[in-house]
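Below, each structure is written out as structure tokens.
Presented sequentially are two complexes of chain A, the first with chain B as partner and the second with chain C.
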Partner chain A sequence: MKTKILVVASMLLAVVALMAAGDDAPNQGVRFQPVDIFIDSGDVPLGAWQVEFGGGDAVELVGVEGGPAPCWSEAPRYDPAALMQDRVVVAAINTQSELCAGRVGVARLHLRVQGTPAYTIKLIAAGNAEGERIEAEVSVAEGVSE
Partner chain B sequence: MNLTQRTARTALAMMLSAAVAVVAVSCGTSEPSRELAKVLGPVPPASSPPVQMTNSSVSLRLSPPGFADRASGAAMSQDQMSQDQHELAMYGSAWSIPATETMYIGREAIAGKATRRRSGGNFEVAVEDDAVTPEIGGGTLACIPAGASGPDEYIPVPLEHTDVQAAIDGFIARVGVTQTFLNPYAEKIEAVYVFPLPQDSAVSDFIMKVGDRTIRGIIREREEAKRLYEEARAQGHVASLLQQERPNIFTQKVANIEPGKSIDIDITYFGALPYRGGGFEFVFPMVVGPRYNPPGTTDPIRPLPRGVVYPTRGSDIPAASGTNVTYLKDNERSGHDIGITLELDAGVSIEHIDSPTHAVAIDRTSPTTAKVALSPLDTIPNRDFVLRWEVAGDAMKTAMLTHEDERGGFFTLMLVPPAELEDLDRVPMEMIFVLDCSGSMRGQPLNLARQAVKRALRSMRPGDTFQIIRFAQNAAQFEAQPVSATPDNVARGIRYLDELQVGGGTNMIYGIRSALSFDHEDDHVRSIVFLTDGYIGNEGEILGEIGRNLGDARIFSFGIGSSPNRYLMQRMADIGNGVASMIGLDASRVDAIDEFFELTSHPALHDVAIDLGGGATDVFPSNMPDVFVGRPVFLSGRLADGFDGDIKITGRVGDTAQSIECQWDGHRDRPALPQIWARSLIKDLNDRMTWSTETGLADRIRDTALAYSLASAFTSFVAVDSSRVTEGDHGTTVHVPVPVPEGVRYDTTVGRGG
Partner chain C sequence: MNHERHQSNVSGFPGKNEHPDLTAALQRESQRTPVPEALDRRVASLAMPVATPRHGWRITGLRVAAAAVVALGLGILALLALPQAETRQRLSMPMSPASAMRDVNGDGKVDVLDALTLARQIERRDPGAVDSNGDGAADTGDVDHLMTMIVRLAPQRNDS
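Let's look at the complex of A and B:
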């Protein structure tokens, strides 16, 4: 394949284990819950990113939403082929002129959850507006269903 | 999924495309004016009047300047009116508007903003132009007699608007459809809407918009998606589910819509555009016609009157199976309307562009491009939208488009038959005409079918033979065996046609079996010509019968009516190695039957083989079709490694070998091609499922659809907003009722159970 890969980020592995609620969780059964994905690109404006999210067998993806930051409000894309292997791979490219730097919420994943899963997140790639790889950190936080 | 420059360009292109489409919407809206508009009338009755006559209303079309009403040809030319006037044209042979009537545009009364007077033989109505504001909207102008149930005829539905934005590049279309659901009730609801899409559309993207938030739906196995949706619905989350019921019929469900709240659903699909009768066609179907389901149908498309809950009387179909489509009665109107904008880049010079079905505004932006907008005042979704454009005949070349990404290479090839075929004559033919005489064909549809067959009979040659079969509840035929096309036999055949009566169900299977059961002479080419609206729910049974028993016959299918079952028409022709055409409801389209004669007047190109040097794999359709003069065919496949543009296409005409040149413009970024290829594979597998005993076909469809993010019979899109739980339980389920297609009688279809 002749494709040039312009963005190959350093593989930052940020494994974040978030134990949901604890023993006194109100509902140990099936529920729907958002999780938010944050990327911190420091001083460099973030132009593109790709992450792999994990939650084990207890989690099913039911929607992908953009983040709260205006520069990432478009719904990211997910990889359907990866989903067939129970992997959640999500990515987005910002083609707007305004880019965000620092720690920004880039996506919200909508999940069907059963039990108390441990969430993991791995940054596959991050790039700047020119498509060059950049250093960044990724994290995930459990959202609240109001 | 890699982050690449290619992907960035793709995303950028898609976003730019959407932005351009928004501009087109703005261009299609006329400026409100305070000038008065005049009603001209009466105009001569049109042969197929677009007026909708009901018991208590006369509906008129209102067209702003610049929109020509092609359906009647009675529109006022633009130079006859000032720029700030609206044209109000009246159609129909028996109409009057007593001064006691109240006038409505859509659901809004405009009484007090309109005056009327009789002037000589003409009747004039002056409407204050600000009555046609975007707030009131366009659509049908209804004049409701005083004391009649004017406002009562308005049926509030939870679907407010459908917006279609199409971008066409050559013969590839990318279409975005936005459905705006709005809860008009005082309690929370689940909205259920059954709607059509083009039968070859590859639905590849699904987005739910809740307020200013955008949630992309996920492709899942059908049952899994349904389970996820129902769990989310039960827990009070806003959720949506898109299911495919047929390749051209989908069900959209939206759960937990709160009172007064709006939710948008965005669907994106790709497709290759057919070339018919000398031009390309973009078709957007708007309504599912009421189907007849023969006893034993396991997955019916069930027509129900509004407010009726299945099961209805006398049916043996299990209530849990199938799809329910609810219909408005003739005197009922909903506020649901539709807008269509289209950006066309034909790639070659456009000779003519027109819509034979709707009023449109056409902006020729260059010799090869155009912007088209549906008139905002011709927006009742009760018939298929068709846009046709012709390109110079010598511009039609066999051409291949390719695309590469991390999944490999893909191509779509438009194969144009060599012009030399036009110099060759055909062999004698045996023509079997099969007419649908069921209840839904009553009136103009059967009249058009009769006219088309008569025209065909008169065009036959002495050496040809013919047979006529009619089917409804049962099948019957003109003669025991096909007869020679002598003048006397043709005259008797025409009398037989004149005596045909309509009524009863649509047991097409009897017509199919009759048509395929004759012995026939080897020196005649058998062509079976179907004329039907295709309003049946057992398409699989019909296609299976054809696949198993076709023999060496060809099938030519003609869709009759304003919204025929194009999926059935096209698949019958595909499996039958023939072609499909649509006659519509316009008497002038009866000459579509001439195209059939033109197609069959020359031998077809057969034994087509494609050599792409490095190799092509998984080319669909897998049974390479014959190619008729004037009817290009589309092939879709995978490129093997090593393809360098070396393309050799060969075929045979009779015993003579033919070589066909092919144009290729190099690899370009065409993200539609993988989706179109995957959809072609699924279509091929679906067809085989109807007649083959192969195992594993369903699994292959499911896996392909999941890998390429496509809706299919075994995969659905689901989206859940997990951020919020709405108050109360999941509310009432409301089915969105739709009008019966224009030209179809409610009382002989829905009213009688389909």
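Let's look at the complex of A and C:
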């Protein structure tokens, strides 16, 4: 009888532990959070940009679209393999004549967040209309879901 | 004594000298109707098939319990290891001969500025425009190819 109890208890323990380890409180505290990427190129019209974004272990990338600035409304380039990961490299160029200067929203990332995100953003390159490297500042801000 | 105990363990039935007090008590109780030792052995041999399954089941149960514990451990280890297989980004591409062809602006880095420079070259029909995708022509396909290479995920390099 004791052996039966031991076997049943072990199996129950295994099932409970696997459920707990496999999916930590599934769907508990999950939210979808848009994050806007801003680049401030000062007085110089921005012709190209490339950034690396990270969100930490609590974040999974679920989508990328253009930013609110009309110059960058088209979706930027990124590797689809970055979907469901917490890091992504995003880049775009604009060969049109009308370019934006100052602080502009260049892209919006859609994230699945479970827990506390730790956003990191790094400007890899920014260029003027001819592709010459320029100084710029990059930042991120959580947006509002539409 | 040790030899007797060993034999009793093999047969599954205690020898007459293994529990002398019990044996003596039983013999006193059986004075009126002595039971031959051969009959005792016969009864013991008939009882063994009944006892064996319970003994075997206990061993099987312990094995199942041990297997469950081992499976639990392996499952937890596997689940802990999988999330660690994190793919990291590559910030700059290695300057191999192939990638050197994509360093359009010659600044030693392959990034989005090379793509824009190449796009401008193609707009101007610059004969020096790089055929980055190797299709024999310098066109917008080369810009797309370069952009794809720039944002591509790859294991992070340590020489950054």
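Quick note on the criterion: the second predicted complex is superposed on the first by the 110 of 146 C-alpha atoms of A that agree within 3 Å, B and C clash if a C-alpha of one lies under 4 Å from a C-alpha of the other, contacts with A are read in each partner's own complex, and residues count from 1 in each chain.
As a convention for this text, a contact is a pair of C-beta atoms (placed from the backbone, for glycine too) under 8 Å apart; a residue touches a chain by one contact, two chains touch by 3 or more.
Given the structure is predicted, the values throughout are model-derived calculations rather than measurements.
In the superposition on chain A, A:Val62 makes contact with chain B only, not with chain C.
By the touch criterion defined above, A:Glu52 lies against chain C but remains apart from chain B after alignment on the C-alpha atoms of chain A.
By the touch criterion defined above, A:Arg112 lies against chain B but remains apart from chain C after alignment on the C-alpha atoms of chain A.
Shared-chain residue A:Phe32: touches chain B; no touch with chain C.
Of the two partner chains placed by superposition, only chain C is touched by A:Glu130; chain B is not.
Residue contacts after overlaying the shared chain place A:Met84 against chain B, while chain C stays out of touching range. When both complexes are overlaid on chain A, the residue A:Gly143 reaches chain B alone and has no touch with chain C. Within chain A, the residues touched by chain B in the first complex and by chain C in the second are 3-4, 6-7, 48-50, 77-79, 81-82, 89, 91, 93, 95, 125, 127, 131.
Contacts from chain B toward chain A in the complex involve residues 1-8, 11-12, 15, 207-208, 213-219, 228, 231-232, 235, 237, 239, 404-406, 408, 703, 706-709, 718-725. By the touch criterion given at the top, residues 3-4, 6-7, 10-11, 13-14, 17-18, 21-22, 47-50, 52, 57, 77-79, 81-82, 85-93, 95, 122, 124-125, 127, 130-133 of chain A touch chain C in their complex.
Chain contact summary for the complex, chain A toward chain B: residues 1-7, 30-34, 48-50, 60-66, 73-84, 89, 91, 93, 95, 108, 110-112, 125, 127, 131, 143-146. Partner chain A is touched in their complex by these residues of chain C: 57-58, 61-62, 64-65, 68-69, 71-72, 75-76, 79-80, 83, 86-92, 105, 107, 109, 111-117, 119-120, 123, 143, 147-148, 150-153.
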